[in-house]
Structure formats: C-alpha cells, structure tokens
Amino acid sequence: MIKISIVGASGYSGIYLLYALASRPDVFISAITSQTYSGKKLSEVFPVFSKSGFLKRNYVSELKFELFDRDKISESSDAVFFCLPHNESSKLVPGILNKNGKIKIIDIGADFRFDEIETYEEYYGKHSAAELNSKFLYGLADIFADKIKNSQFISNPGCYPTGALLPILPLVINGAVDFSIPIIIDSLSGISGRGRSVKPDNMFCEVENSVKAYNVWSHRHLPEIKEKVENAHLNSGGRQENSTPYIIFTPHVIPVSRGILTTIYLKLNKGVTEEIVSEVYEKFYGGSPFVSIRGNAEDCNLKNVLYSNNCHIAFKADKKQNKEMLKVISAIDNLGKGASLQAVQNMNLMLGLEPDSGIPEYSPFP
Amino acid sequence: MIKISIVGASGYSGIYLLYALASRPDVFISAITSQTYSGKKLSEVFPVFSKSGFLKRNYVSELKFELFDRDKISESSDAVFFCLPHNESSKLVPGILNKNGKIKIIDIGADFRFDEIETYEEYYGKHSAAELNSKFLYGLADIFADKIKNSQFISNPGCYPTGALLPILPLVINGAVDFSIPIIIDSLSGISGRGRSVKPDNMFCEVENSVKAYNVWSHRHLPEIKEKVENAHLNSGGRQENSTPYIIFTPHVIPVSRGILTTIYLKLNKGVTEEIVSEVYEKFYGGSPFVSIRGNAEDCNLKNVLYSNNCHIAFKADKKQNKEMLKVISAIDNLGKGASLQAVQNMNLMLGLEPDSGIPEYSPFP
Amino acid sequence: MIKISIVGASGYSGIYLLYALASRPDVFISAITSQTYSGKKLSEVFPVFSKSGFLKRNYVSELKFELFDRDKISESSDAVFFCLPHNESSKLVPGILNKNGKIKIIDIGADFRFDEIETYEEYYGKHSAAELNSKFLYGLADIFADKIKNSQFISNPGCYPTGALLPILPLVINGAVDFSIPIIIDSLSGISGRGRSVKPDNMFCEVENSVKAYNVWSHRHLPEIKEKVENAHLNSGGRQENSTPYIIFTPHVIPVSRGILTTIYLKLNKGVTEEIVSEVYEKFYGGSPFVSIRGNAEDCNLKNVLYSNNCHIAFKADKKQNKEMLKVISAIDNLGKGASLQAVQNMNLMLGLEPDSGIPEYSPFP
Amino acid sequence: MIKISIVGASGYSGIYLLYALASRPDVFISAITSQTYSGKKLSEVFPVFSKSGFLKRNYVSELKFELFDRDKISESSDAVFFCLPHNESSKLVPGILNKNGKIKIIDIGADFRFDEIETYEEYYGKHSAAELNSKFLYGLADIFADKIKNSQFISNPGCYPTGALLPILPLVINGAVDFSIPIIIDSLSGISGRGRSVKPDNMFCEVENSVKAYNVWSHRHLPEIKEKVENAHLNSGGRQENSTPYIIFTPHVIPVSRGILTTIYLKLNKGVTEEIVSEVYEKFYGGSPFVSIRGNAEDCNLKNVLYSNNCHIAFKADKKQNKEMLKVISAIDNLGKGASLQAVQNMNLMLGLEPDSGIPEYSPFP
C-alpha cells in the first residue's frame, strides 16, 4: 500500500489529485491538509464527491482536512504532494526531509521548476529553499520518463508549459526547429486555470460570453517554457548554430471550465518536411499511452481530452505559401494532464508502476 | 427617405441589417428577400423581433419576405444590400444595374472583395460577373472612408479580415512593419461566424465546453487579408525594401455566440518604438467614432464590443526580450463591425451621412 | 433637466440604472455613490462603458464615485435612487427628507416593499425607518401606473415578484383564481440575480453546466409575492369566498447571466375559460408598451426579453385532463424589468413622462 | 462473455451505451447498426473515442457500423438494445424473436413503455407489435429490480419519467400522497434531451443564454408518468380513496448539454410528516447503489450527477405555511440514468449481475 499525503488538498488541483488517488486500491491517503477547511470532513466540504463510488471506501468517507503537521506527514507518507501557491512548498519541504530523508516529493507548484534560481526569483520573488532546487527534476512525464523513474523529487510542470512543451520539445531535441524567428505560442485556457480563488475575474457574469488575453508579455509560464526549450536546444547539440530560442507566449481565457488549446507557430530547418515532423512525433510518442497525434486539427479539440491525462497534437506545414512554417496545435485538460493527473503519472513512474496505472477517466469537481 | 432592399434577409447578417435599418426613421425598407421564408411575415418567422420597438412602426410589422424580383428591387430602391452565400450576388447585380444604373450596391458576401479575380476564383470558384469586379471598392470603412464617400459599389469586408486589418493596416501604411518574418494572425470567433446553417458543427452539445482550430492553412479569409496588406505595403512606397508580406492566419471557434478576438504578432522596423505605434494609431483613429485604443489588453475583450460597430485595439511591444516584436489585439462583434453594422456605416458614408448615424446598440437576434 | 443621484451605483442594478439614465439628454446625474470605489472615475472602474456613446457626453466621462453625502445629494437632486443591500436605504432616506422634503425617492432594495412591517422584519430583520413605510407605494409599474404618477416614494419590486405578479395579479383582480389549491410559482433565474458579490456560488466553474433550486421554502421574495396577491384578492372583493391565498415559490439558478423564466400553476374558478383569461390580459395589457401576450409558450423565452423592460406572458389551460388548471409562463430580464428599467419606468411615471421614455435597448454590463 | 448488439448505435443514447458496454471485459459487442454510418468504423465517425482506453481493445477499434441484419443479430447476441425513434423497434423485435426466442431485449425507445396500448397510440400513432406489448416490463430499475431480474423484455423508461418517478413512486406506493390536488412536475432538461437531430432548436446561437418551456400540456412523457403513478396508486391498495391521480408536467430546456432537474409539488396525506417521508425513502433506497437522498436542496444539482447512473433526491415540507405540501427535487443525467446507464443496469439485473457492475463514470460524447 502506497501511503501518500496531499498538502493543500482543497484547491482545484489538490482535490482532483485526492479524487484520483483515493479511488485506487493500492493507495492509502494518510493526510490531507487545508488551512481553510481544517477539521472538516471531505464529504461535508465537497458534497459532490458523494456521487462518486470512492466515498464508499470506509476510510475515505471519514477523511478530514487537517492543518499541516510536519511530523505526522513525515512519518505516515511514502510520497507527499504539494498543491500550494508559489513559495509555500519550498518552506515546508526542508522540514519534512529532515524527518524522513527517503520520502518522495511531488510539487505541483512552481517552486522547483527552474534550473536557474535567478529566473524563478525574477518572476516569483525570493526562493525559500534554493539549496534544494537542484535536487528536483522537471516532471514533464511523457518526455522525461526515464529520469523520473529514478527521482525522489519532482516538480510538476505548469499547465501552459505542459501544453506547449509536449509538442515543441520533440522537434527541438531532433534539431528540426529554425530559431532565426520566434516560436509563437498562443494558448486558450478554461477558467479553472486561474485556480479556485474567489475574485471578480472568475465570476460567471464577468467571463460568460467573453474572451480576453492577459499578461501578454509577462506570464510566469513564459520563462518556464523558455528555459526548457533552451535546455533542449543546447542538449540537442550542434545540429544548428543559430541564436538563443526566442519564445513568445500569449495566454487567453475563454468561457469554459477546463482545458487548454495551444496553437504554436514555428519555422522548420531547411529540409525538414511535414513527413519528417510526423516521424519525429511517431518516434517520440508512438508507444505513449497518453500523447497521440491527430490527423486533423479539428479533432484536436478540448472536448476530446476533457478529464484526461491525454495530450492530443495535430500539425500542418504551410504547403501553399512556404513549406518551412509549421503550425502545431495541442489540446490538454489543464487540471488533468496540466496538473493533477500528470502528478499521478509522475508518482507511478517514481514508484515503478505503469504510467497509466490508476488514472481516472473523470473528476466530479470542478 | 432612403429606400433600401435587402437580398437574403433571413441569415444572421441579413436579419441584423434589417433590424438596424428598420429602426431608422430616415430609411424605408422596400423589400426583403428570402428563398426559405418567402410569403411569410417577418414577425412570424422571427418572433424575437416583437420585443423590439421597431415592429411598432406600421409598415415594418407588415413586412413580408419575398422571392428576389429584379424589377421590383430596381425600381423601389436607392440602395441594395446583398447578404448571400458567395457567388450568388455576382449573378444578380448585373440584372439590377441594367434596370437602375444609379442604384447603390453593398455586398456583404465575398464576390467583389478581391482586386485579383484569380485569387477569388482560386478560393471560391468561377466568378459570375468579373467585368464588374473593378467597380467595387473594398469597404473597410474606418480606413477607406474618403473613397467610400464617392463610391456606388462597396464590397463589405469579411469578419476575420475586419478584425485583422483594422489594427494591421495603419502600421503597414506607415511603414512600421518589418516583413522579414511572418505576420501571424490568431483569431477566435463565436459560433455565429459560421452562419445560420443547421449542421452538427453548430449544435449546442457539439461546441459547448470545447474549442478548436479549423482550416488551419486554407481559410478563405487568408487571401483577403493578404491582398489588402500587400496593397497597403505597396502603396506605402519604398520606406522598406523587404519581401512580399507573408501572412499566417489561424481561425478558432470558441463557445460564445458572437465576437472575434484577434491576436497579431508582427515585427516592427528598427527604430519603431511602442510610442511610435501609439502615435500611428492616434493619427489614424484619434477622431474615429468606432475604433478605439485600449491601454490594457484585458479591456480589449469581447464583452466590451458585443452588438457594436466598434473595434477595440490594444498593443504592447516586448520590452523584456526584444523590443521589435509587437503584439496587437483587436476585438469586434463579428456580426456587427464584422458584417452588418459596417455595412450600415458604408451606406451612411455613401449617402453623405455621418458614419455613426443610426447605428443601433443592440440586436435581439441571434 | 431632471437631476438625479444614485446611491449604491456600483452593483449590477446601480450600474445599469446609471447607464440608462446617463444616456438621456433630459437627465443630469448629480452624484453616484459607492463605498468600494469612491474617488475613482466611472470609466476607470467600468472600462466596458467606454464602448458606449454615453461616455462621450462630457460630464459623464468625468463622473466619479463618491461617498454618500446627505447634504450634497439633498441639494442637487430631484430624484434619488437607492440600490443598496436591504436595511441600508431605510437608514439614509430620513436624513435626506429632512433636508429636501420634496425629493422623489425610488428604492430598488427591499426596505419599503411591504405593507406589513412585521413581515419585513420576519424576513429581513429590524426595520430602521418604520415610520416612513406607509408613505411608500409598491412600484409594480405596469399595474399600478395610475397611483405611481402621484407618488413621491416608490419601492421598486423584487425581480422574482415582478416576474410572478405581472401574470398573476390581473387574474386575481378579476376574480379568476380559485384559491382552494395553492398557486405554484417555479422560477429560473440567471446568475446576476444574486448580485455582484464575489463568492463561490457565483464563480464560473461552480455554476457552469449545473442547475439547482435554493431557499426552497424560505426565499425572501415569497412573502413579497404573497402580500401583493392577498391584497389584490381582498381588493377584488367578494367574487369568491375561499381561503387566503396559499403561494408556493421555488427559485432555481441556471447558467445564464440574465433573465427570469417563471412557470405558474393555478386553478381557475368554474367557468373561467382560456378565452376569458385572454380577455383579462388583453384588457390589462392591451395598450401596454412593455407587457405582451405571446401565443406560444416557446416564444416566451429569455432570449426575447434580454436587456429589456418587457415582460412576455404565455398561458394555456389543460384542455385534456381538466380545463380548470392553467399554466402561465412569464419571461423578464431580471436586471431590466426586474430592477433598473422598471425603476426608470417608475421615475418616468412620477415625473409625468411617457413610461417608455428613454428606456435603453441594451446594457453593456453585466 | 455476454454478446450484445446495439440497434441504432449512432444517436446520443446508442453511442453512450456502446461506450459503456465496450469498456467491459465481460461483454462482447457483436454488432452496432446505423443507417447513416453503415460501413464506417466507429473511430472514424466518432474520433472523440480515440481518447478513451476502450478503443485499445482490438476488436473495438475495428468495430464498424452495419445495416440492421435480423439473422446476424439473432444468431450472435445474448441481448439486443434498441435505441431508435419511436415505432421503429416494434417493427424489428418480432423478426428477431422468430429467430432466437431466448434473446433478451432492452428497448430504450417508447414502443413498449405503456400498459395501455391505447395511450401509446394516442401519443405516438399506430403500434406495430401490439401483441408483444404485454411481455415487456417497465424497466425503472431502482424500483422494479426484483421483477426485472426475471424478465426477458424490458422497456427502458423515458428520461423525464425516470427523474419524476424515482422520487414520486415510493411515496405513492406507501400511500403518502393526497391526490385531491394535482401533482405538479416541473422539469429542466439539457439540450441533449432532444436527441442528436440537426435542427435550429439545437443550434448553439439559438439556445445559448435562453430558457423556455415547451409542449406545456402535451409532452409524450406525461402519459408515461401518469400511467405509472396510477398503477402504483392502485397497487398500493385502499389506504386512501380519493380520485385518480392528476399529473401536471412542464418540460423546459436549459442551456446545458446534459442533465434533468425535476421539482415536484405534491400534497401529503394527513399525518404524513417530513420524517415519515424520510423513512419511506430510507426504506426504499437505503441500500441502493444509485439513488441517494441529499439533506440539502442545493446539493441536489446537475453537477453532482453528471455522467452517472445516480439519482439524487432532496425534499422539504412547508413547515411555515402548511405542513402538508411537499417539494421533492431530483437530479439525474438524462443520458445516463435517464437512458443508457439505466439500460445497462437493467441488463445487469436481467443477467444476474450486480446492478452497478461495469457502470462507467464518464462518457466522452456528447
């Protein structure tokens, strides 16, 4: 039985993770924490879960939110998930490690996503556990599975970066991208991407029937995408010599609850045809349980990936005007593949399980 | 009293036009045609209009849809609007002109939008009145108002081109754009953009909670945008010498009824700062009743332009990574500014009226 | 020029009222108050209004939210609108009247809606100005227009009561209703009915794709409906002798921004046929600019009344099972007819203007 | 291995059934029929299913829609599901029975739902297999489970009747209802309830932001509800002596894809308290895997039952005005509990399996 704890279990990603894990017969939830709801029973705070069979498991129906207790969590967990606002998990991880040096950590927040601590601090403020940063591996599970299998510390990717990097990195790693012009990433996210905070921007009457872009040059997921593309470019080694990747990213919010559709515009290196792109993806994702290539951009839509850990990708080169420009479109569920289900996939890999072990088909909330 | 006829008055753009014009005291509707509904009263086919005060005008409440009658329309109209599928208006215009050489024509369809008949035919098939094509002026009303005032024949721009060209053309005309890399136009359209056709793609259950891209390299509005940008580039004359504009356009459909949000990525020429961009727009649109520049991308959203003939524009240069890349965002109502209200604006200009004369604030359908 | 002030101008009903009144050439807005936004300009807090032509009126574009100032408002207003949470307007009205005994008051809140102060206090708590209560007239404008014309103090009806009473009262007044069984009122309201408060219940992800009933036996609008039906029953005098009206009311919240659809089930007195019902409504509403009877229940829908001061009514007796049961359906815009536009209608009546004078067709927010 | 066929597998209920059954290891799909899509592969017609793991089962990914073939289906099936427009299954069932007298039949359509063939014919037209009608049992699975276990022929209840009868029948069977006044059933259904037909009423732009009632006294589900309530009343025997049940039913369509919320108003017999109602439900549904009683009307909402075979019920008596009136609210997924998943539950019962065996948590379409 895998004993796990979830720190910050009442936000959208925490509660989804809880739902996914509590449904599994091979997992035991040792603790769920919430400052807002400590002392209350899960079923009382989220009556929606009474729909689900998993509450019929005796211990789950009795689960209560607690305040964070370092000692309890250290002693009772094989793995701990952190689902906290940025700069919170980095304050708690060191204390847990002092107590239980072998515990596995999966951080859904941003604290340990960057190789360069300076980049983190530029966008998120002072880091609280910089000395631990290098221990963490970036958990883009469908690309870095081999390394994740041997890791104790995983930082789970952001939702936009997941939707952008899964289609881009295979091309960069294979030296297919011409960096002489920018890679443009245009993303459309459902409202749940803003988290469960109660503010005007999330109110029905303010978002219904509308669409907008936000943080047009300054979204925190831009440097995350950028660093990972640069790393992949450097690691792909010498097959090209042009400049540093220049990434442009624009997030938009659309009136749906869930999902991210990402449209990417990039230039291919000379000689890289649509067929070669197809081969690259086939090589990368041919055996993947989660990433699949669609023949048709219209099939690569949100409906087809809702509630899943899947990423759908479609691509097409400009045969008319200029063969070298490629559009790549990806669709994910921002809370599933973009957060909680990728975290479960990471846990599976870290524990030597099949990556798709116990990934649920649905989540009743939100 | 301005006598007008609307040919094809039962689609989304025709009915909106009818609503806008029938509300005006200075306009008399001579005829409305519809193959589907001929013989039926407007108020019977569209009970929603009974909400509106305009049906209280006696003649309007008695209006009936008719079959197209060349003679009747030629004799009873000062101006005729065509709201038909492509390649239909070009079959009817010559007959009307034979009868009434002075009649003003505003075509909401695509038939006369292109300077190059070859481009039209590549995307839409054989043209039925190529000899008339050069008489038509492209009615992008906020840019070409002076020419429109003296025109008898106007082709009303497509919805996506309106959303793209209003922000792009002033920059091109002022030589601000560096064409060494593509201009990328990423657009999000409400469902009504597909017209009132009854097909699975327009059904609630199929589009709700989803988003997708379509016609990713082949949408018919791409060559329209391209031709107008090229023309502007040529006309701006010699302030740069780089290659032909390369335009990339991706339409997406989002689960709202109305509106188009367009995000544009382009490179500025050396020395063109955000401040200069601001001046260009101020010079172009400073006195415009319809186009306004928003200081903030989040304010440039669909909600702020619904049911209007307005175009909101926001822009921002990349100060962090590279000053030369500019994002420009525009928001329009696809049926208002993108079709019927721009057609009214064109009519106003052609008739020597104020451009904002009788532009309604709302439309009860769709 | 009619000088008005709006106390509490930043909620949904206040801002709508402001929009409606500021668009009028015969109205001058003297003051708008808001605790949250005092000191800020209207156009800054609600950029959506920059869409609207009314901000081009110089003084409107300069309007600032202020704190409530009894003296300023008393001196500068012919009429004052209160758009406040319950039990707030009753604290402010007396002070204003001390300063300006002739000022007209229209209260959109609940404080003065009840004849019986005990009923108010049972549902809303201690009343702060019980001595003024009897001065106020219940402003159901399409029914009590004659009395409203001579009133100085109007309490504007609640949104659900407006949707319920407009169809019910004419039947009760004409002695058509058999009270031996309950009148059942089943209402469906858009999210904006809950006001602009920022709470989980109003968040997109929590209400999208769902529907629920709430306050199933205890909603505050029940006693309001009940009192007005009882009054009408008593006033209709002696044409029947059965018991006190028994009203059952169930509000539901549905995932649209605006509108209330009400389905009413009632028993007709013996001999009251569908034709007689039709005559009753014709007599009552035949000349009304706002209330109209639809021949078809499907036409009596939200879409047909959005943004309007209209009430659509459809009705049908059970010809198959039992002629005496009648269903009546009404559709209103909860913020228009159900709040701000009915308030404007009331103001028009109080000032001797046409009831439909300056009623806008649209509101850009929410 | 249970061999099943689905006749009419490309509508909303057929495809959902297919999804549910094809996911099961103990079921083998022998044939799926569709006139529209015959000859095409499932995965080609519904690419959305490629998301789902069930297409990885080899035979499922190869499934093709076929034309109806009596012999093939008779020979290769243990059970056949019919998901056809009314009056279609009754034409096909006799031929299949001639070939395979032991085959189990579950008809999701209306053909065999009525005890009284006259009632059927009044609402649906001439019946094609009246001689078989009496063999069919009404498959309201949570109430008639014991009889269903021994049945070969099941007619699956309509969606509205399921939402209405699950809460009403236990009260009627226990003699709790006073029939001296009507039972009023007010239902709100998502758009998918109209089926997958492509017509204006189902188009996004026509239903979004609106709500309406339809077929206000004549919906075909009214006589179905009525017959079952009358039967239960008669069978409950002599604990009361008032008149025939009078049922009033109003369906509304709301802008969500799925779900039915039903609000029921009924009078309790003297002495039947809220506590007794609670006991009745506890006795009936206490051990049910699918029906649960919620303490709070707000929890009895669509979100909590989406994609499920659950029925949530909440109830409350009028303690203030009159103890004897009861409101009961139920929430179901119209396509799950209201159609396909209840059909699976019926199949499970007929085959001696646990009722909740293989009920999926989700359906990717619609």
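Just a few scattered comments:
By written order: A, B, C and D. Residues from 1 in each chain.
In the analysis below, a contact is a pair of C-beta atoms (placed from the backbone, for glycine too) under 8 Å apart; a residue touches a chain by one contact, two chains touch by 3 or more.
Quick caveat, the model's predicted, so the values are computed rather than measured.
Common neighbours of chain C and chain D (chains touching each): A, B.
Of all chains, A has its CA centroid at the greatest distance from the CA centroid of chain C. Remark: chain A and chain B have CA centroids separated by 40 Å (rounded to whole angstrom). Averaged C-alpha coordinates give centres for chain A and chain C that are 47 Å from one another. Under the contact definition stated at the top, the residues of chain C that touch 2 or more other chains are 206, 209, 255-257, 303, 306. On the chain A side of its complex with chain B, the touching residues are 181-182, 184, 186, 188, 206, 209-214, 216-218, 246-248, 250, 252, 254-259, 261, 263, 265, 297-298, 300-303, 306, 316, 318-322, 325, 327, 329. Chain D meets chain B in the complex at residues 12, 191-192, 196, 198-200, 202-209, 255-257, 366.
On the side of chain C, the complex with chain B involves touching residues 47-48, 50-53, 209, 292, 294, 296, 299, 303-308, 310, 312, 356, 360-362, 364-365.
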